[in-house]
Amino acid sequence: MSNVKKAAILGASGYTGAETIRLLLGHPNVKIVALTGHSNAGREISEIYPNLLGRNLPSIISWDEVDWSEIDVAFACLPHGASQETIAAIRSQVPTIIDLSADFRLADPALYEKTYGRPHNYPALLKSAVYGLTEFARDNLTGAALVACPGCYPTCSLLSLLPGIKAGLFKPSSIIIDAKSGITGAGRKISDRLIYSELTDGAHAYGVGNHRHAPEIDQMLTRVTGNDDIRVSFTPHLIPMNRGMITTIYVDLAKGFDLEFVQKTYKKAYENEPFIIVSESVPETRHFKASNRFGLGLFKDRVEHRIILIGVIDNLTKGSAGQAVQNYNLTQGWDETLGLMGSAAFP
Amino acid sequence: MSNVKKAAILGASGYTGAETIRLLLGHPNVKIVALTGHSNAGREISEIYPNLLGRNLPSIISWDEVDWSEIDVAFACLPHGASQETIAAIRSQVPTIIDLSADFRLADPALYEKTYGRPHNYPALLKSAVYGLTEFARDNLTGAALVACPGCYPTCSLLSLLPGIKAGLFKPSSIIIDAKSGITGAGRKISDRLIYSELTDGAHAYGVGNHRHAPEIDQMLTRVTGNDDIRVSFTPHLIPMNRGMITTIYVDLAKGFDLEFVQKTYKKAYENEPFIIVSESVPETRHFKASNRFGLGLFKDRVEHRIILIGVIDNLTKGSAGQAVQNYNLTQGWDETLGLMGSAAFP
Amino acid sequence: MSNVKKAAILGASGYTGAETIRLLLGHPNVKIVALTGHSNAGREISEIYPNLLGRNLPSIISWDEVDWSEIDVAFACLPHGASQETIAAIRSQVPTIIDLSADFRLADPALYEKTYGRPHNYPALLKSAVYGLTEFARDNLTGAALVACPGCYPTCSLLSLLPGIKAGLFKPSSIIIDAKSGITGAGRKISDRLIYSELTDGAHAYGVGNHRHAPEIDQMLTRVTGNDDIRVSFTPHLIPMNRGMITTIYVDLAKGFDLEFVQKTYKKAYENEPFIIVSESVPETRHFKASNRFGLGLFKDRVEHRIILIGVIDNLTKGSAGQAVQNYNLTQGWDETLGLMGSAAFP
Amino acid sequence: MSNVKKAAILGASGYTGAETIRLLLGHPNVKIVALTGHSNAGREISEIYPNLLGRNLPSIISWDEVDWSEIDVAFACLPHGASQETIAAIRSQVPTIIDLSADFRLADPALYEKTYGRPHNYPALLKSAVYGLTEFARDNLTGAALVACPGCYPTCSLLSLLPGIKAGLFKPSSIIIDAKSGITGAGRKISDRLIYSELTDGAHAYGVGNHRHAPEIDQMLTRVTGNDDIRVSFTPHLIPMNRGMITTIYVDLAKGFDLEFVQKTYKKAYENEPFIIVSESVPETRHFKASNRFGLGLFKDRVEHRIILIGVIDNLTKGSAGQAVQNYNLTQGWDETLGLMGSAAFP
């Protein structure tokens, strides 16, 4: 079919790469024609992910072996730092680049340097990137050449907060985000911190007070409110499950508002969203596994004027590869649900 | 679309029911028009399986509230005993019935009674049922009115054994099947045996020496060899994972054969199978999750003349609902892969 | 030995009962002479907990079959409601009663009724109970006849908060407690909510805005500050591990204080505590499994003047049975570490 | 106390090292005075195992920094190959060496070389080692200078098989061992094969047909029967739990014997064993966690003349460090249960 777009997955052997492949295999308008890797170049992707056996996928090659002139879209699933270099190198040849790394999320090069401990090498390119929190970025996504997909924590936090923040329902200074992530969020690294026996049947916080996703959340809240001083509390935890993320958010209501009004506002804001479910009951990560949905519950706290927002996603899907595909659909002017409507398997 | 078949799922709230729903939601030729339940009648299926929210599914009703005259196919996901009663009651009105229970698997009423501790009430109906181990039943499936889908253990064991047994490569008296199942295999029962805290982080054998799936395995081996005395050793274990099954089978080679010949025989037998993967490496359950595939590895034992067959499936998919859909596709003369080609999510 | 005290465990077949048995089996001064149960009366405890096989434990009997005149101490591991009735019935005969239920934790009968939905039947007895948050109750524990052991969430939260609250370092109105518990915290109930397949590999909040442990936390904070208006935010989550609890607490510093001062205050407050570890690094639940320790980390938040307290316990040990034994040791004037110094097994 | 023996743990930072430390901390006659490590030299053991914090343990040092003249006993928890070198170097100074590695298990240097792919460098030393399958080695353990503790799979398999094999109840040629191990059995290695996300919620066989523990099982069976040709089938599986092991063993009865006689023989053989439980019901790994017990069930198979032996241990305790301590107790002529009677925590 001449309409089918040719895709390359950069960094195919990581978890976000594998999830992007899984989703694109079910996409009617996309064909995967290149998979790249560094240490895994020369191997078949099915050696690393046997679930992908028999899917007619290309072998993993080095990124500079790809004939970029034939690629319509590149999904960059690379570590930060590496991503900007590769994207800078191929951008003149590839009409659409969807970056799943952290390299183009923070618009301010100074903030990038402060957060990631190294200068950004392509500040102009950074400026051109669209921050692809899909539901709040549709206008900018059509025809975009470079999309920076948000981090998993920012996706879950911001989808929880934005309708209320935009409508002025919350006190921005009061936001506390307590997040819990499944262990795929740590990536496919060979490290003593990721050994099964030391992660199963236990839980812990990490990055306390200084996780790199916090400035990304601040940035977006600042953008929609114009309030330069927004700074959220943010504490992530690793819990023994593979996929899934909860953000439990505590926020004080602005004067004059109550939970009922908040709920009405959210239902209206999200009523036509294909992937957002605002529910009366408490959302559970297990029901969102391998799905592109975001689930949200809004609850009254026992402390007056405080409410609790509980957001849930699959960190690898809506928190990464799913949102990336959704963004790509929008860059092409397609139905944004293409390739993303499979039902999650549960249990 | 006039070609779309109307399906009812009987016993929708159990795990095989939920998995059948998940698969049929992605089936191009089937629409789910009725869900039945006993204690859950009157509820929405999404109250039990929130992953199914927003899928336009009917409410759960009692089986006698269904207008059976409009149903093209019933998938019976009922407990044994209950299944035969309901099927007997609706069979004159429903052209195709796919039974996922144990009620029509054993062709001999006496064996059924001995195995399940109660007489079979519909021996004539029993006789008419097609035993739907798909890859070995295609000739009988076309146009079948009642298909008995094999149990999960027999599916995994028989797909491992049959090509070799049919070709006379193994000594039938030597078969030992050591099986390991994920916990969804125990169903969605409210029981102190299924409490999370008593099943996680540990493992155990059960039904040692007398599991009900063993006679089903004997029956099929007897059928293909004509050898009345086949009786396998079979020991299942429950291990702390949700989905997945391994059957590790030890078998002595018949005189004159070696592993290489066995491998050649299997590769030939299964070369055109869309859901069977005969691999060099050891198959792992995690790569088959939510997929209709069966993975098989064939290995030389350290004891001469003995080989080891390692088969892997998802007990809820190829071991139950997936095989059921595959069988239904064949009763209708459709491509048997319809609705079954989604890639498993891993990790 | 004439010094050995005779213990009865009421409600032995629940998880707190089993943990109390495990700990007392290693206690030099205590011998278990009676185990009681309701539906399990007549059974051996080792039928339910095979790990207790061969330990010379008595059979489970009904509580009214016990010869209470020979009992020195009763550990009541009963459901709330049932606990007060049994305790009222046996108290004249049993010199020391350690209650692990919720029945004697809230000193105000009106608050008990509001929280548990039924009136307290023994308000005078309630008044006499010592609230056994050990490290803050030693003076009252010596010779106490009835000790109410705190809930697991209050134990972890209050040990985190009290040194700072007592020293006036925190703004009491700012306390937000986000808690995560292992699944044994839900008890050994036969319920569809506790099925393995629906709890593994996923997480969720529960009791949002109205969990019964919140008033217990308020009560103790109010007691030490004399501030009637303290009301904490408290949201518990269930995560897929057996034992363990984290309370992540966000609190604003009172004017003039900083993290360094807070750390100094805590180290001093807890310097001689045998079971409390104030550490520089983030505590993880897995390192506290089956131990009576409480681990605490104190961290600077990225929001100025806010700090994060991360407390960790084993919900069944320090959060229940361990603290109960520790309290009993103190009622007898013994070394409080007796029976509690076993090293946790990890991994 | 002058009677207290001074222990060094070689390779303290691995899982068997950590488990040995845990057990010795509760041992009345042993004090840990040295911990050695290679890459971890210079660190505190509590940095790696925070559960060991506050236990007055020495810092990890290099093995050549130890003053071996003051050491009474060395527990060698080193990788094979490294273990023999270190033991050879210190043996003249250390009266008792308990080796937990594989280096001294196979009495025949040629078999060692064939199995481990390298020659054994100390064949004379190999000859002097006592194979410490405790219950069948007591006579040789008293005063032994070098004890080779069996592998976890051989321990569980041989304790299951030996009473029957010694009494001639089984056909030695018929033995098939299907084993399942928790993931700590793979050790504390930094490897992509041990990443949490790729081991949780799934299972697989490994080392099919050629696992290194199989010759060790053959050797012991050969030793007690004098039958040179014994060669067992042995297939291990990794399942998603931390600790625990099951060996499911299929064996044909020798002529004239039945299950009842087998059970009687085992009960008699094991009646005075402090750590062996022969039970009517199926043993489960979870009830043996962190305990030095071995549980055994003996069952009739559905195939005539075949029986099924189901053995269960904790791979790190009875399968390694627990048996090592038990062996050490016997070398000293002490009660062999010293330090090993703690009750397992369950759930």
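Read from first to last, the chains carry the letters A, B, C and D; within each, the first residue is number 1.
Simple rule for what comes next: a residue touches a chain if its C-beta (ideal position, glycine included) is under 8 Å from a C-beta of that chain, and two chains touch if they have at least 3 such contacts.
Model, not experiment: these values are computed from the prediction.
K.L.:
Shared touching chains for subunit A and subunit D?
P.N.:
B, C
K.L.:
Counting C-beta pairs in contact, does C-D beat B-D or the other way around?
P.N.:
So, comparing the two chain pairs, more contacts are at B-D.
K.L.:
Suppose each chain is reduced to the average of its Cα coordinates; what separation in Å results between subunit B and subunit C?
P.N.:
46
K.L.:
Between subunit C and subunit D, tell me the centre distance in angstrom, where each centre is the average of that chain's C-alpha atoms.
P.N.:
Result: the chain centres lie 37 Å from each other.
K.L.:
In angstrom, rounded to a whole number, how far apart do the mean CA points of subunit B and subunit D lie?
P.N.:
Distance between chain centres, rounded to whole Å: 39 Å.
K.L.:
Residue numbers in subunit D touching 2 or more other chains?
P.N.:
Answer for subunit D, listing residues that touch two or more other chains: 15, 184, 197-198, 200-201, 240, 242-243, 283-284, 286-287, 289, 347.
K.L.:
State the interface residues of subunit B toward subunit D in the complex, per the touch definition above.
P.N.:
Contacts found on subunit B: 176, 178, 180, 182, 197-198, 200-206, 208-210, 214, 231-235, 237, 239-244, 246, 248, 250, 282-287, 289, 297, 299-303, 306, 308, 310, 312, 347.
K.L.:
Under the definition above, what is the set of subunit D residues touching subunit C in their complex?
P.N.:
15, 18-19, 22, 25-26, 49-55, 184, 200-201, 242-243, 277, 279, 281, 283-284, 286-291, 295, 342-347
K.L.:
Okay, in this complex, where on subunit D does subunit A touch?
P.N.:
15, 183-184, 188-192, 194-201, 240, 242
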